[in-house]
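Input: a single structure, listed below in C-alpha cells.
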Amino acid sequence: MTARRAGPLTRIALAVALLLTAAPVYWMVVVASRTSAEAADVPPPLLPGGHFAENVRRLFANPDAHFARGLLNSVLVSGCVALGTVLLGSLAGFAFAKLRFRGRDALLLTVLATMMVPVQTGVVPLYLIMLRLHWQDGLQAVTVPFLVTGFGVFLMRQAARDVPDALIEAARVDGCTTLGVYRHVVLPVLRPAAGVLGLLTFAQTWNDFLWPLVVLSPDDPTVQLSLNNLATAYYNDYALMFAGASVAVLPPLALFAVLGPRIVRAVLSGAVKG
Amino acid sequence: MRRSTPYLLVAPFFLLFLAFGAFPLLFTLWMALHDWELGSGTRRWVGLGNFRYLATDADFWHAVVNTAGIFALSTVPQLLAALVLADLLDRRLRGAAALRVALAAPLVTATAAVALVFTQLFDSDHGLVNGLLGLVGVPPVDWQGGRLASWTALAAMVDWRWTGNNALIYLAALQAVPRELYEAAALDGASPARRFWTITVPLLRPTIVFTAVVSTVGGLQLFTEPTLFGAAGAHRMDGGAQHQFQTVTMYLFESAFGQDRYGYGAAVAWALFLLIVTFALLNALVLRRRTGGAR
Amino acid sequence: MLRGLAAVALLAAGCAPGDGRTLLTVDLFGEFGYERLYREYEAAHPEIRVRQRRISVLDDYAPRLRQRIATGHGAGDVVALEEGLLPAFLRRPERFVDLSAYGGRALEPYFLPWKWRMGVAADGRLVGLGTDIGPLALCYRPDLFARAGLPTARDAVARLWPTWDAYYRTGLAFERRLPGVRWLDGPTAVFRAALLQEAGRGPGFTYFDRSGRLVFASNPAVRTAFATALRFERARLTADLQVFTPSWQTALRRDRFATVPCPAWMLGGLAAFSGGRGRWDVATAPGGAGSWGGSWLAVPRQTRHPARAAALAAFLTSPHGQVAAFRARSTFPSSPQAARDPVVAGSANAFFGGAPTGRIFGAVAARVRPVYLGPRNEDVRVAVDDVLLSVGQGRLAARDAWPRAVRAAAKAAR
C-alpha cells in the first residue's frame, strides 16, 4: 500500500493553509512588539519591533487588567482541573474497562450521554448554587464543578482497554489490591493518553470564558477575564492588548509544542474521536 | 476485590455530575417557571408564562437567526475546507508531522485572545482586512455594523480555530481507507476531484456526521467571539445597536445576569438546549442522506 | 486545598492585614478620586485599613453588586450606588444599614436637600449619603472650532447655543466646514440631558411615574427629549459612540468629534483618555440646567463593621472629602459647603484651557431639579440608546425610531 505523492498544487494549497493559520498569531506578535501608535500605521508594520518587553511591563502595571493575578489564577485553576480530570477520569475509566460490576454498561452509557449536555443549559442555576455555597468570586467556583468530565472518563476507559488482562491477573496473584493494580499496571499504560487528556483539559480550562465571566469578579480574574478587562476598559491600545493576548496564548501553546505530536498521533489513531 | 471498589472509583464522576450537571439542568426548568429576581427578591410562580413570552419575543428569535446564520456561515466552509485539507494531508510529504501539529495548534490558543486579534483585523477604519480589500479595489466594509458582515467576521474566527482540528479528524478516518480504491479509480481514469467526491466523501460519512454534530453543539453556544467582537462598543451583550450579532447565549447572559431576570434566562437556556438537540439531529439526518447519495 | 491556596494568594497580595487592623473594603466603579482620602483616613485612624475594589465599567459593576447584596455575601463594607441603580436597591432597604443609627441624621445640613432625600428609603431608613452630582456643561475643542471658523472663547461659544436647536444648527454648519469630524460623540448625553431638563421643568419623572408605572410613551418630557436627540442622529451629527467605551476613547484620540455634553464627573475621564491630545474647554450647556449621574455611598447590612463603615462613608462624603474628590477627578460636590469652598468655587482646570469649572458647574448645580428614576431605569435607557444609535448608523429610518423605542422600552420595563 502506497500513499499518494504530494504534487506542486498540493504543496501550494498546504502552504496557503499554513500561512492562514500562522498569520493571525504572527500579526499578534508584531503588534505586541510595537508601540501603540505604530500598530495603527498605514501601511501596517510587517515585522516585529523592539517594544515587547515594555508592553508586557505596561500590561502587568495596568491597574484594571489584574494581569499577574489572572495569570496565577489561571495556572492554579487549569492545573487543578487537569490533574483532577486525569486522576478521577483514569480511576473511573479503569473501573469501566477492567472491573466487572453490576450496572456497568448502563452507567457507561450515562457517562456518554453526559457528554452531549451543553454547558450553557445549566449556567443560570449553577450560578445560584455558587451564590448559595458562597463560592462566587472564588476559584472553587471555576474548579470544583469541572474536576472530572464524561469525556475524560470515556477517553481513559478506551485507553485502559489496552491493558492485557493477563497482566492484571498476574498482579492480583502477586497480592495487589485493586488500587495497587491501578497504580502499578494500569497507570503506566495510560500515561500517553493521560498526557493528551491533561493537555486538552488544561487548554480548555485555560481558555474558558463564559463561566468565569459569570462567576468571578473582574478584580480577581482568570487570564481570559484580564483580557476582557483590557478590551472593555481601555481605548483600543492594541500593543497593550496584544501583549496580553500573547502572554495568554503562550502557556497552552508551549505545552502543545511539546505534547502536540503525541496528541496528533492520538487523534490520528482514533482515540480522541469521542 | 471488594464489591464496593468499582463503585467508589466511578463515584466522583457521578457525584460531581449530579451536583453540577444534572441538578442544574433540571433546576433550570423549575426556575423557568418562575419570575426570579435577585435584586427585588421576587420569586413568583408564572407557569409557562416565560415560555409563552419567549415564543413571541422578537429579540430572542432575532438572536436565534443570528446564531444559526453564523453557524451556517462558519460550518459549511469549515467542514469543506477540512475535507480538502485532509485529502491533501493524506499524501507523502516531507515535514508532514510538523505541518499537522501546526494546523491543529489554533485549537489550544485562547478564544478570547483570538477574538481580540480578529476584532482588530476586522476594524472598519484601520483593520488589515479592509486594507487588503482596498488593494483590490473593494470599498471598506463596516464589519461590525452590517448583519451579514459581522456574521462573516465571526465565522472567520470560528473557522480559524476549528478547520485544522477537523482536518485531522478526517485524516484519521481517511487513513483507514484502503489505498487500492484510489489506485483502481485512478486506473479507471477518474479525475482527482471525482475521486474525492466518489470515494473520499462517502467513506468519511460517519466522521462527517460526527464533526457536524460537534460543530452544531459548539456553534449554537457561540459566546466568546461575539462578546469580545462588541467589547469596544456600547452594551456589549447586545451584539451591536441592532443586535445584529447577538447570539442566543449572549441574550441568555443579558437576560439573567445583566437584567436580573433569572427565570426568563432559564427559559432561554432551555430553548437553546432544544435548539441544539433539534439542529444536531437534523444535521445528522440530512448529512447521512446527502453524503450517502453517491453510493 | 484550593481554599488554602486562595488564602495564601490573598495574603501574598496583601489583602488581609495580619496586624489586627480592621480592613474596610470600598466597592466602586469608574473614577471617584478617593485614593488620597483613604491614606488620610488611615493616618487619622491607625486601627483601620481601607481597600478599594474598583470596576471601570458601570455595566460590569451593577450586576455583581446586585448579586452580592442580594445574597448577603461578598459586598464591600462601603458600596457606591449610581443614580440609575439607586432606585432598584431602595426597593429592599433592609439590605442596607440605616445610617441614622450611626449619627447620620446630623449630616443632613451638609447635603443639597434633594440629594439627601433621594438617599432615604420609603421606610425612612437612611441608606445612602450623596457623593457627587452631575451638573451638565458642554466640553468642546477650541482648536477644531477655530478651523471651522467658529468662535473659540467660552463665553462666545456659550452664546452659540442657548437652546438645543441652536446647538443643532451650529453643528450643521460645523460639519459643513469641517467634514470628517462629527459634531458630538453620541446621542446618549443629549437625550439624557434634554430628558432631565424637560422632566425637571415638568412632571418630575422620566420613563416611570412615581408609582413605578411605565409612562415612556405618554410622558411629554420623554417624547420631546427623544425628538431632540433624534434630530442629531438623523442629521448624522454624532459619532454614535457611548461615553468611555474603548471606541469612544479611540475616537477621542483621533479627533473624531468636536463637542461632548459633559457632566462634571466626565472631565476627569476626558483628560485621562485623551492622552494629552487636542485642546479642550468647557462652556455652559444648551437648554438650561441639566444633570446626569452622581452617586451615593451605602453600607450593606452584611458588613461586620457597620459603625466603622458608616464612619468611613461619612468621611468620604463630608464636605472635606467631596472637595478632595473634586480636586482629584472634578466630580462636583453634592454638598453646598464643599461647592462654596474656594478650592471648588475658585478652581480653574488647566486641561480645559483654565476654565473656571467650579463656577460653571456650580451655577448649573444650583438650578438642577431632582427627577425621579424608576427601578428599571437602566434597562430602558440601554434599549432606547440602541434605537438612537441605529438611526445614526443609517440602519433604522428616523420615522420608525419612536415606535421602535416605545416597544423596546415596554420590553425592557416589563
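Points worth noting:
A, B and C are the chain letters, set down in written order, and residue numbers restart from 1 in every chain.
Here is the rule we go by: a contact is a pair of C-beta atoms (placed from the backbone, for glycine too) under 8 Å apart; a residue touches a chain by one contact, two chains touch by 3 or more.
Small disclaimer: the values here were computed from a predicted structure and weren't measured.
Taking the mean Cα position of each chain as its centre, C sits at the greatest distance from chain A. Looking at which of B-C and A-B shares more C-beta pairs in contact, the answer is the pair A-B.
Our note on geometry: chain B versus chain C, Cα centroid distance of 39 Å, whole angstroms. Between the CA-based centres of chain A and chain B the separation comes to 17 Å, rounded to the whole angstrom. In chain A, the residues that reach two or more other chains under the touch definition are 144, 231-232, 236.
Shown for chain C are the residues in touch with two or more other chains, namely 67, 70-71, 245-247, 250. Within chain B, residues 231-232, 257 each touch two or more of the remaining chains. Contact residues on chain C toward chain A in their complex (touch as defined above): 1-3, 5-6, 9, 13, 53-57, 60, 64, 67-68, 70-71, 73-74, 245-250, 252-253, 273, 275.
Note for the complex: chain A touches chain C at residues 63-64, 69, 72-73, 76, 80, 131-132, 134, 136-140, 143-144, 217-219, 229, 231-236.
By the touch criterion given at the top, residues 38-41, 57, 59, 145, 231-235, 238, 241-243, 257-260 of chain B touch chain C in their complex. Only residues 1-6, 10-11, 13-14, 17-18, 20-22, 24-25, 27-28, 31, 40, 42-44, 88-89, 91-92, 94-96, 99-101, 104, 107, 110-111, 114, 116-129, 144-148, 150, 153, 177-179, 199-200, 203, 206-207, 209-210, 213-214, 223-224, 227-228, 231-232, 236, 238, 241-242, 244-246, 248-249, 252-253, 255-257, 260-261, 263-264, 267-270, 273-274 of chain A touch chain B when the two sit together in their complex. Those residues of chain C lying in contact with chain B across their complex are 59, 63, 66-67, 69-71, 88-89, 91-92, 240-242, 245-247, 250, 375, 379, 382, 385-387, 389-390, 393, 395-396, 411-412.
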